[in-house]
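Both complexes shown next keep chain A, but they swap its partner, so chain B is in the first and chain C is in the second.
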Partner chain A sequence: MTVQDVLSPFTAWKNLFRDPVTVRDPLTERPGAARYRGFHKNDVAECIGCGTCEAICQNAAIDMVPVDGIETKEGDSGLRPQIDYGRCCWCALCVDVCMTGSLTMSNEYTWIDSDPDAFRFVPGVDHKSWDDAELGYHRPDGHRLTPPERIVMREMDPERRIGNFEEIVDGYSVEEARAEAERCVACGLCVATCPAHMSIPDYIATIREGDYEAGLKLLYETNPFSQVCGRVCTHKCETVCAVHHEGDPIAIRWLKRHITDQVDRDRYVDIIGRPAGETGHKVAVVGAGPAGLTAAFDLARMGHAVTVFEARKHAGGMTRYGIPEYRLPYDALDADVDVIRAMGVDIKCDTPIGDKVTMTGLEKDFDTVLVAIGLHLGRSTRIPGSDHPKVAKAVDLLRAITDGETIDVPKTAVVIGGGNVAMDIARSLARLQKQIHGEVGMTVTALEDFSHFLADPEEVKESFEEGIEIFDARGPREVLVDEVGNVTGLKTWKVVSIFDDKGRFAPTYDEGDERIHVGTMVIEAIGQAADVALLGEALTEKLEWNRGRITVDADGRTSEPWLWAAGDCVNGPDVVHAVADGHRVAASMDAVLKAKELS
Partner chain B sequence: MALFELDRSQYPEAKADGSLDIDLASGKYLKLWQGPQHPGITGNMSVELTVCGDEVVEGRTHVGYLHRGFEKLMERRTFIQCFPIVCRICVPEPDFNEYCYAAAVEELAGLEVPERAHWIRTLILEMGRINSYMMYLGGQAGSFGMGVIGQWATYVRDLMLDRFEEMTGARIYHMFILPGGVRDGLPEGFAVRMEETLREVERALKDINDVMYCNAVFKKRTVGVGVITPEMIEPYGVTGPNARAAGVAKDVRKDQPYLVYPELDFEPVTGSVSDIYTRADVRRRDVHVSIDLIRQILQKMPKDGPVMTRLPNVLNWKIPEGETYIRGECSRGEYGYYLVTDGSGYPRRVNVRGPSYTHAMALLEKLIVNANISDVAGLMVSLHTYPPEIER
Partner chain C sequence: MKDLTDRLGTLFSLGDITEKRDDLAFVSVAPDLLRAVITHLRDVEGFTHLVLLTAVDWIEGGQFQLTYLVHNRTRARDIGLRVFIDREEATMAGIHDLWPTAATYQRELKEMFGIDFPGSPRIDEEFILEGWTDIPPYRRDFDTKKYAEETYFHRPGRETFDPATHMKDKLYPGEAS
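Entry: the complex of A and B
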């Protein structure tokens, strides 16, 4: 111990003349740092009500609540997060996980209110003083708690696949499917959007758990065309997937397919379950497409005796005669049809209704009848030359390919149309050209430009890969025929606009921009119509019609009490809508049949 | 200077099992509770003292006032949901919980953490160390009646909290180190502002040195009091400055280097006799080491690159079966997380090892015997213990 030890403490006195360092609240403004995790904000217009924030909050501080002025719509639950500041710890996990990036924080940290309930509020809806604060915690770039990238689906390379009709995609391996399934945040927005309301997050969960049988059971509860839809569904569900807002949507369709691939087909019927006891009611279904067969599946499971009448050699409708084999192998479709048959549905193929068996006959022999005849008449452009025998309809050609008919495959051909059907016929013919002539000579001309294209982007990409030329914004003007009567190509003009001010179809062209697309065959793929000849004059007369389609109510009932209609011929446009229609009709018919029992 | 000689003639006899034969009815002894509400207690615990005159003959420590059940709670939280919880286990130096938990999860889940995140984590832990020592300094000085030191230390700590705030978005519970990395990089101009803060810390340390360390009263009350002998280190599980003051150079940063410590130049601070004074001195010098480490980090760390690895979907995150123990050198010694996973989405078991568990209980009970009542608070603070990490 020294003298200094006695004196040194007195140096503390020098602080007497220093300014105080305290902040005099509220006189001194002391804003939170730029990244401060202060009070929450939510851009409610961006928010989709997915509830992922609610799921992650370890304090259960978030409740998803309905909010005035925000409606439930496709891809938006209509709910918004309400935060309870009695529970929140400002960890910002909710901000980090937010699927849209709508949820953020301000740098505001003081708030006084005498009403305790004010501290449970819906950010962005209940107005707060910090709503316009610019600073505060926002999820930093690249900081993600859910992986945004989809597991890539392996597929055959273009050189190999163009030579055959084998399925292009390989399907996920168990590991790949599990990794993809893990990306799902189980928001359920997809369920609401799927026309058949398949229990998507639940069956995806079975993949994570490796319980494929449970997954299969879930699939067939809502969709007897699960193998088909697992391959070719238009997957509207994926467009509303919460992950899609800041990443690739979950590959819902491929995951569905993965479940069906993993279960031994012999086990299907046992897992799906057998039908209920017989009711004694008889139902006739015209058309063995997805709509008719789904209704048949449901009705048979309810115990009704169902007979399906199909004009073609095989069941499946457009899924067999339209969709090419490289997208949907026949054995996958057959497996779904087999399940339907196993439920006791009697499918009578090669039995067109109309001449030998008539609608009147069905009305007499059955309690109720469903018409699900699809759209099988190809429409024509009616441009000069379109009546030439070398001008074909896409659906007719696709059917001929399925039936194995010999087709005179042209070295060069031009397709009119820019939808998926146009791509299907172009890619099918391209494969035949490759097999027969050794090279592809296909051209597609579409009215729409690429930014408004109707066909799926993958279809366009894969078509390009396969050597098909696609010209967008081209309006067909004339099928060119040489002096000896052979088709030589298609003349098109550049499209200026497709619709008029009132939104009606009225294309206008730039005549100065003309092109000749060389081809010895022209294929029209511009839409289909229903062939309603089977109804006969009397019934046609009795039924109510709306622009060429039978009028039905929300349950698919026509104006005739014994007759229902479903699928493409009344609604459309795809397999899963047809399936949903089939379910609706089955439920409605069942209710009517049960009511009959009571009366 | 004549030292006060202990008169132990009236003290109880030790029984065969080592316990004391205290007959309260004799009137010679008095039971005194220091805590749980008492300015001379570190946090939420208490010491049940038996005194004879003003000498302590026995001290029993009592904890249990702060049990929040974090470890159990974590068994019901997903791996990401545990992340915001852990910092609360130890309030004054929360970042060690974030680091140890994250590192344990990363090891068992097989996550690779980006290089820059390691640097930022080290930076945060050293900033936290300085702040923890500042709290200690205030407490140590206060326990001997020097209130002003606490005000100075709190001011400096507040400046460091400003740095924490701008980097992590929060002052106390930073929730910034999470499995996979850290939330974000450093804000623009951080290094400049950090340098200003470090200078303030140095200035304050100099003042504190003049007023507290070079103070005859402080020296008189602390030199030779509460000595931890080198022999006690192992059996009592003594780590950190408490051990280093006794000349035992235990420092996890050196002994089992983690994060970027191998790339930093420093030596563990040691003393010769672990009494209250030397322990205080080791901590003061340790602040200087931390200041130097922060300067090195800001100079050497990569300026860009990712700070977060790609996590699996945290809502469905399962971690394979496994177990690990992750340790680090916090301001009080070895801090550790023992994590067991069972392949599910939740930790099977979490056990947090805070250095205070041994220091505040067994070690204090040992050192307190024969202490003067007026030194009990100073002795307790000199072990630098935080009851929250005892109870979890």
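Entry: the complex of A and C
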């Protein structure tokens, strides 16, 4: 030990009268930094209860719980995240992944309470002093854990596609589909909106895993028209996709199609599974469209003997005779029909109800009967000149094109209507015009303006690309016929309003804004009706009706105990809705048939 | 920083150079060059302060990235050295003889990533994870959620609802699927 060692502690005394470098206090205010990750805030009106925050939380700190005053509805589970701060590590992954941006963090971190359960609450519902705090962690702009942009679907160019009926959409490659599937957060909000309640997140997961056979099995559990719906479904599911709040919704329809494309068609029946043992019950189905065949598929799988009576040459109903081949190639539809046949369903085509087979006969020969006859009668505008032979119904022309009949293709034609059927006939005729006359001469006139258009936006876009002229907000007034009796065009007036104060259809026009649309043919595509004449007078009298449609209960049962009705003829046009209907009817019929066994 | 990286480039074989700011750059170097480069930076270029030593698990590429950040007090600038080592045999020469504080970082990396620094003081002693039995928790193949579920109990009274199932119960309870 040296002398310095002894003295050096005393040198500290020289600092005795200097100003302290530390801050005096305990501090009273200790604000967190501007981007501090403090207690959570949730804008519950923005939140959709998708539970992605719960799924990503590595500490299992989040529960999704029902909350008073927040309703479960399409696109919103009605659940909201409850956070257990005994487990939260404040990593903010829940904020980073939040699909709507509703979940954020305040910069508040000090809170004392003697009750441990106080630290488990629902942000935004259980009100806290920091609910209005501006500072705190928010997901930075542009920072996303899931890519917001959809993988682009490749399509044939307008120039290449206009001269033929080849399918426009290419379909995803395996890599593209996997990348698109990776964007799905598997929240399952879409399932409730899908009329058939397909297990969407589960089949998308099979794409990520590359297990297409498992995916196919899932698809056919809820939808025997999976190849069809993979191409032409109205995909309402995509409108409620959690990703659409801050990006493009997952391409659910294209992913479904991708699964069906990846599995060899010879493998389908083995993967889907064989039907159950025979029950001895006999079911008749009138109409081989999506509703009738879905019911037939389910009932055959339950072991019932199903016979389907179809008036046309081929099965498929409106999916074959209404939807053009460039949207739904016949081989995809045939493949779905083949699967249904393989389940033992006997489809009798070219067998209309009327002369040889009657409803009375079916009632006698079968235990139960389903009528699923679709909407095959085109409606007429009944404007002057609409009874001219050169004024056609869109459904009739589409059917003729499908059946390969030779039709007199005009150089110029005018379509009345603004729905998908109007686009279908305009685009089909445009292709034939291109083949026969070398150029397109199609005009579409729609009652609705473009902001209220009925046809899908992609149909409108593609129609324009193919050289079809579309005039919106035009009301048809007269089919013009020259002195020798040839159609020369359509006269329209500008539409002022379509509905009256009470919401009834009562269009009003501006007579001063008149146009003549040139065409030697006019096609009406303003809606369809069911051809109910086949029911026969006696049955028509007995059944209950509601505005021209057969009245059915939630299971599709009519007022006659042996008869069910389903599909477009009771619900209006939609493929996947018809599929859902078919399932409901099959379940209901099966229950009735089983009850018969017991009695 | 270009003056510095240029000078370093004449002496050592360098990998990628990233100029982040006027006072911050990152340089990749091979593992066996790290000690030579960092000693040169300390003794010749005035980077006398070791700011931090940390790691990233690039599991897809089968590598760990070590980042050595050093600071020059007089010029007020930082340079980071990036070193990529094999993930399976995660061993690296220590720098605790150059900066004694490095021993603490190295001990942390051993515990959290399983990267060994042979000869580093107390390298095998527990650092913060007492009684840890699983794989090192900062490795990306460590399943944090599974570990949390298995190790910690939930407070009683917790209940969660699956969104899709809840919607089925509320919106279409009777239907199939």
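The working rule: the second predicted complex is superposed on the first by the 560 of 599 C-alpha atoms of A that agree within 3 Å, B and C clash if a C-alpha of one lies under 4 Å from a C-alpha of the other, contacts with A are read in each partner's own complex, and residues count from 1 in each chain.
Everything that follows uses one rule, which is that contacts are C-beta pairs under 8 Å (C-beta built on N, C-alpha and C of every residue); 3 or more make two chains touch, one makes a residue touch a chain.
It should be emphasised that the depicted structure is a prediction, and the values quoted were computed from it without experimental measurement.
In the superposition on chain A, A:Q58 makes contact with both chain B and chain C. After overlaying the two complexes on the shared chain, residue contacts for A:A335 are found with neither chain B nor chain C. Of the two partner chains placed by the overlay, only chain C lies in contact with A:T222; chain B stays clear of it. Of the two partner chains, chain C is the only one that A:C50 touches; chain B does not reach it.
In the superposition on chain A, A:S199 makes contact with chain C only, not with chain B.
In the superposed model, A:L135 makes contact with neither chain B nor chain C. Residue contacts after overlaying the shared chain place A:P147 against chain B, while chain C stays out of touching range. Shared-chain residue A:T72: touches chain C; no touch with chain B. Of the two partner chains, neither chain B nor chain C is touched by A:V357.
Comparing which residues of chain A touch chain B with which touch chain C, the overlap comprises 58.
Those residues of chain A that touch chain B in the complex are listed here as 1, 4-6, 8-9, 11-12, 15, 21, 32-37, 52, 55-56, 58, 89-93, 96-97, 105, 137, 140, 142-147, 181-186, 208. Interface of chain C with chain A (complex): residues 144-145, 148-149, 152, 154-155, 157-164, 166-168, 170-172, 175-177. Chain contact summary for the complex, chain B toward chain A: residues 77-78, 80-85, 148, 155, 158, 162, 165-170, 173, 175, 183-185, 187, 207, 210-212, 214-217, 219-220, 306, 308, 310-316. On the side of chain A, the complex with chain C involves touching residues 49-51, 54, 57-60, 62-66, 72-74, 77-79, 84, 86-87, 116-117, 120, 187-189, 191-192, 196-199, 201, 221-222, 583-584, 587.
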